[in-house]
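Shared chain: subunit A. Partners: subunit B in the first complex, subunit C in the second.
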Partner chain A sequence: MRNLLSLLPLVGLIIIVQLLTSWTDTTFYLTQITMSAYYSLLIIGLCTLMGYAGQISLGHAGFFAIGGYISAALTTHNLVAFKETALIRMLDGFNILMSGEDIYGDSLMVINPWAACIVAVLAAGLIAWVLGIPVLKLKGHYLAMATLGFGVIIYRIVLAVEYFGEADGISEVPSFTLIPGLEVSGDFGARVENYYIAWGLVIIGMIILRNLINSRVGRALRSIHASEEAAGAMGVNTSRYKLQVFILSAIFAAVAGVFLTHYNGGIGPSEAGVMKSVRYVAIVAVGGMAHLWGALTMGVLLNFLSLRGVFGSYDDAVFGLILIIIMLFAPNGILSLNWKGLLDKISGRTNKGKAAGGKD
Partner chain B sequence: MALLEISGLHKKFGGLHAVNNVSFAVEKGSIKAVIGPNGAGKTTLFNLITGTLGATSGDVTFLDKPLLGKKPHQIAALGMARTFQNVKLFHDMTVLENVMVGRHIRSSAGFLASMLHMPWTLREESRIRQKSMQMLELLGIEEFADTEATSLAFGQQRAVELARALALEPTILLLDEPAAGLNIYETAEVGRLISRIRDLGITVVLVEHDMSLVMDISDDIVVLSFGQKIAEDVPEAIQKNEEVIKVYLGE
Partner chain C sequence: MTLELFIQYLFAGITYGSIYAIVAIGFNIIYNTTGIINFAQGEFVMLGGMISISLLPLMPLPVAIAAAVVITMLFGALLEIFFIRWLENPGVLRMIIITIGLSILTREGALHVWGESVRSLPYFVGNEISSVEILGARISPQVLWVVGACGLMVLFLSIFFKTTSVGREMRACAANRKAAILCGINTHNMVTFSFMLSAGIGALAGSVMSPITSTSYDIGTGLAIKGFTVAILGGLGNSMGAVGAGLLLGILEAFSISVVPLAFKDAISISILLIILFVRPHGLFGSRTAAGLKEF
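Moving on, here comes the complex of A and B:
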């Protein structure tokens, strides 16, 4: 219960921001905040994997892309030509097809977004499972490199496969009706409701992950981070827990991918790029690694600045730079930084003054 | 039938026989010490028993179940707890949280139940907390419950590690050099503690360098030298054993 109450300030802030943008007629900001919220969903999942369980992944843009691309492909590729095949009839029987007309007035038959979403998320979970069994035996740099390899593979696949639109990606992804009257879509009219959908998802994610971390499983994950040998000696099934948290974080990434793709109405190969994975890792690091609130704050802030184009053409470079600076000066994240100590450090004069004072 | 039986246990590292055809048994409720000079294979022996290392050949039987081939977490779940020579506490976790990990095998909340904070997991959580606090009290370190474990002094860290192992409610407790790095007063304290642990009904096996500690508290001593067992007897007899004296003091 206390856990839920501590989320109230966040809920208040979300509402205040929305009201402020309405009053000041700047609701266009909500678009980037919504997108940042979706990216943050991936980031808090990655934070649980990296910060708490201590397993680095440089392939999470891959899971985001698996979610986004599968959902996009299933909900855009026209199945009318296969209308009479047994498979399509069966799918229709399960009521998971959606019929309509495309922009040229031809009849269109695609998979319903709900079904597509479930398939996409399950696919990401399954791939995480198959990938995780061998690679999670690796530690540290080796795990980073193996997951990086996975990210590169996914990037090249979406670039090369016609079904995924090659370099163009997939566009005209339909909106996703969660419940009648509530749609994930990029329509200007649906800006406010989509802002709340995204934040609703983030809040659910935060509740789930905070519950997890403050539990028997959370302690087991943190013990694995500290010493796999000692964790094993305490009866923690280390390989199983690592695999489970890896799958969980992949599912968070995939859900973010699905929702953001339906919100944007499309997805392109850059979402699967290695630089995206590096960005996510950088944000978790800036947030303080084992720090869900830090990851969320930095996830929203830095993605928002990036989406607003504040970093210009140096977007990726900025995140690379952030990673270097954090590793050098604040390996525990900037929220846990001793600001006063740092200021003292920067202004050598203060230090000298203190040293002189010490001699007296 | 002994609680723990080791027979013909063998471990080769390349051409080195780190543990060479070692056999002995540990009776329930006893304190068994394994001594030997540096490099005699004592820690390797522990790692083989607890599943951290795979044996080349031989058998280890605990509660009539074969242990070889089992993973460390499976062996722990059978009721075998251990401590490490260079204290392995979980950093970034408090003393209490460290000990709470020791309750892992005595609790059951999984991923889904934990994520949803099912009401029964909250009850389980408070039982874990309560039991762990009892362990801290047993070792007299309850005042450090909320301190980050790795920030404590070395002797206190050893106590935390012991509390964590005891939280598992083990049938058998393996202590790898529990007195290493402690002064004579702390060592004597550890000795009293180990006797108390035995009085709780927990069988103890310890690897140790400190002769005074071993001679005081053990029921039985196994002496290893270059991976081989050279003697096994009660402390008084070990003290008079010529081969043991030769190994320890030279000819």
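Moving on, here comes the complex of A and C:
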């Protein structure tokens, strides 16, 4: 219960921001905040993997792309030509096809977004499971390079396969009706509604992860981070916990990919790029590795600034610079810096100066 | 496949393979003295190519390449002095992230200096269409320059590490850093020197390969991944292993594009990397016990 109560300030802030933008007639900001919220969903998942289980992943854009691309491809490719095949009839029998007409009046038959979403998330989870078993045995440089390699393979695949639109990506992805009357779409009229959908997902994600971290599993994870050998010696099944968190973070990334793709109405190969994965790691590092709130704050803030185009053509350079500065001067994140101690030091010095001055 | 075609593929493989080997040796030099994998290694190759291309209008080709190598070496030394030297006992994760950050900054800097356009040096001898015939296959003389330069670099490095006192000090630093300090070796300078050395060989490789492969600001990441694959394949820290593994990967890639589409070339070499990591993380030529003693 305390866990839930501590999320109340966040809920309050979300509502206040929405009301503020409505009053000041700046609801266009909500579009970027919504997108940042989806990216943050991936980032808090990655934060759990990196900060609590201590495993780096330079391939999380790959999982995001798996979610986004599978969902986009399934809900966009027209199946009318295969209408009479047994497979399609069977799918229709399960009621997971959606019929309609495209803008030219031709009949259109695609897979229902809910079914596509489930397939996409399951696929990401499955791939994370298959990949995670061997990869998580690796440490340090090897783990970083192996996950980076996975990300590059996904990038090359979406860039080379016609089904995924090659360099153009997939566009005109339909909206995703969660329940009748509530749909994920980029329509201007649905801005506020989508803002709350995105933040609803983030809050659900935060509840899941905070429960996980404060549970037996969380303590086991922290023990793995501190010393894998010691944790193993105490009877913690280190490989199983690492794998579970890896899969969980991949699922978070895939869910973010599915929702953001429906929200944007499309996805391109840049979402799978290595720079995206590096950016996610940078944000987790800035937030302080083992700091969910830090990761969430920085995830929303930095993505929002980046999406607003504040950094211009120096976008990637800014993230590179942030990475270096944080890792050089504050390897535990800027929120974990001893601000109070720093202030005390500064004020202490001036006080001392005054005291010394008083004596004279 | 005819013999001519076979030899044609073989030479293409050897060309790329020797470049991969040089990048991998660059990884190894820094890894041996510091235990760091320098993710910015591919950027040295890019810088070497780009700087020599920019200097070419001002001076003759050999001087331009030499100047590019020297400038890149200075750049490598500065990176080490500003970002790595003063860190006390940095963790592996921290070092990975710092070198990745450095590689991004270098790449973005290059993008703003040279733009997105693809450039290349002129062919050292002849032009695009001149060729020499070897066993019925026709290859560009530039291929011989690449293979020759890479071969010379390997030879130079092995002599350097065996006979010169700086080379010996670097090896001592690699074998046991504490013992090296006790023997009066300035290990900090050795680390700076290892960055300079691997920047220099990367830049030279970047210059000689430029006429064939072209240079653009973003070639570094791909080369770093290939070079790392090769370094792992040959056993991390083992430079002669890297040469063998580099040629092996280059030849495998060259023949793979006769079977699968070109777009999947990178995916193949990375799949090889993943398989090697899973099956033999100590490399094809390394020993399991020695790898077990190293810190990753």
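In this text, the second predicted complex is superposed on the first by the 338 of 360 C-alpha atoms of A that agree within 3 Å, B and C clash if a C-alpha of one lies under 4 Å from a C-alpha of the other, contacts with A are read in each partner's own complex, and residues count from 1 in each chain.
We adopt the following convention: contacts are C-beta pairs under 8 Å (C-beta built on N, C-alpha and C of every residue); 3 or more make two chains touch, one makes a residue touch a chain.
All figures in this text were calculated on a predicted structure; none of them were measured in a lab.
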Quiz item: Put the two structures on top of each other at subunit A: do subunit B and subunit C fit, or clash?
Solution: fit
Practice problem: Please work out whether A:L305 is in contact with subunit B alone, subunit C alone, both, or neither, and reply first, second, both or neither. | Solution: neither
Quiz item: Which partner does A:V274 reach: the first (subunit B), the second (subunit C), both, or neither?
Solution: second
Quiz item: If you stack the two complexes on chain A, which partner ends up touching A:L182: first (subunit B), second (subunit C), both, or neither?
Solution: neither
Quiz prompt | Which of subunit B and subunit C A:I157 touches, first, second, both or neither | solution = second
Quiz prompt | For subunit A as apex, the angle formed with subunit B and subunit C - C-alpha centres, to the nearest 10 degrees | solution = 80
Practice problem: Could you figure out whether subunit B or subunit C reaches more residues of subunit A? | Solution: C
Quiz item: Which holds for A:L138: it touches subunit B only (first), subunit C only (second), both, or neither?
Solution: second
Exercise. Please work out whether A:D316 is in contact with subunit B alone, subunit C alone, both, or neither, and reply first, second, both or neither.
Key: second
Practice problem: For A:L97, select first, second, both or neither according to whether it touches subunit B, subunit C, the two together, or no partner. | Solution: neither
Practice problem: For A:V236, select first, second, both or neither according to whether it touches subunit B, subunit C, the two together, or no partner. | Solution: first
Quiz item: Of the partners subunit B and subunit C, which touch A:I324 in the superposed model: first, second, both, neither?
Solution: second
Practice problem: Check the superposed model and tell me the shortest C-alpha distance between subunit B and subunit C, rounded to whole Å. | Solution: 8
Quiz item: Taking the two structures together, which residues of subunit A meet both subunit B and subunit C?
Solution: none
Quiz prompt | Sites on subunit A touched by subunit B in the complex | solution = 3, 208-209, 211-212, 215-220, 222-223, 225-227, 229-238, 244, 248, 290
Self-check item: Of subunit C, residues touching subunit A in the complex
Solution: 37, 83, 87, 90-94, 96-98, 100-105, 107-109, 112, 221, 225, 228, 232, 261, 263-264, 266-267, 270-271, 273-274, 277-278, 281, 295-296
Quiz item: Which of the residues in subunit A end up touching subunit C in this complex?
Solution: 54, 56, 58, 134-135, 137-142, 144-146, 148-150, 152-153, 156-157, 159-160, 274-275, 278, 281-282, 285, 313-314, 316-317, 319-324, 327-328, 331
Self-check item: Touching residues on subunit B, where the partner in the complex is subunit A
Solution: 50-52, 71-73, 76-77, 81-82, 84, 88-93, 97, 100-105, 107-111, 114-117, 121, 124-125, 128, 164, 168
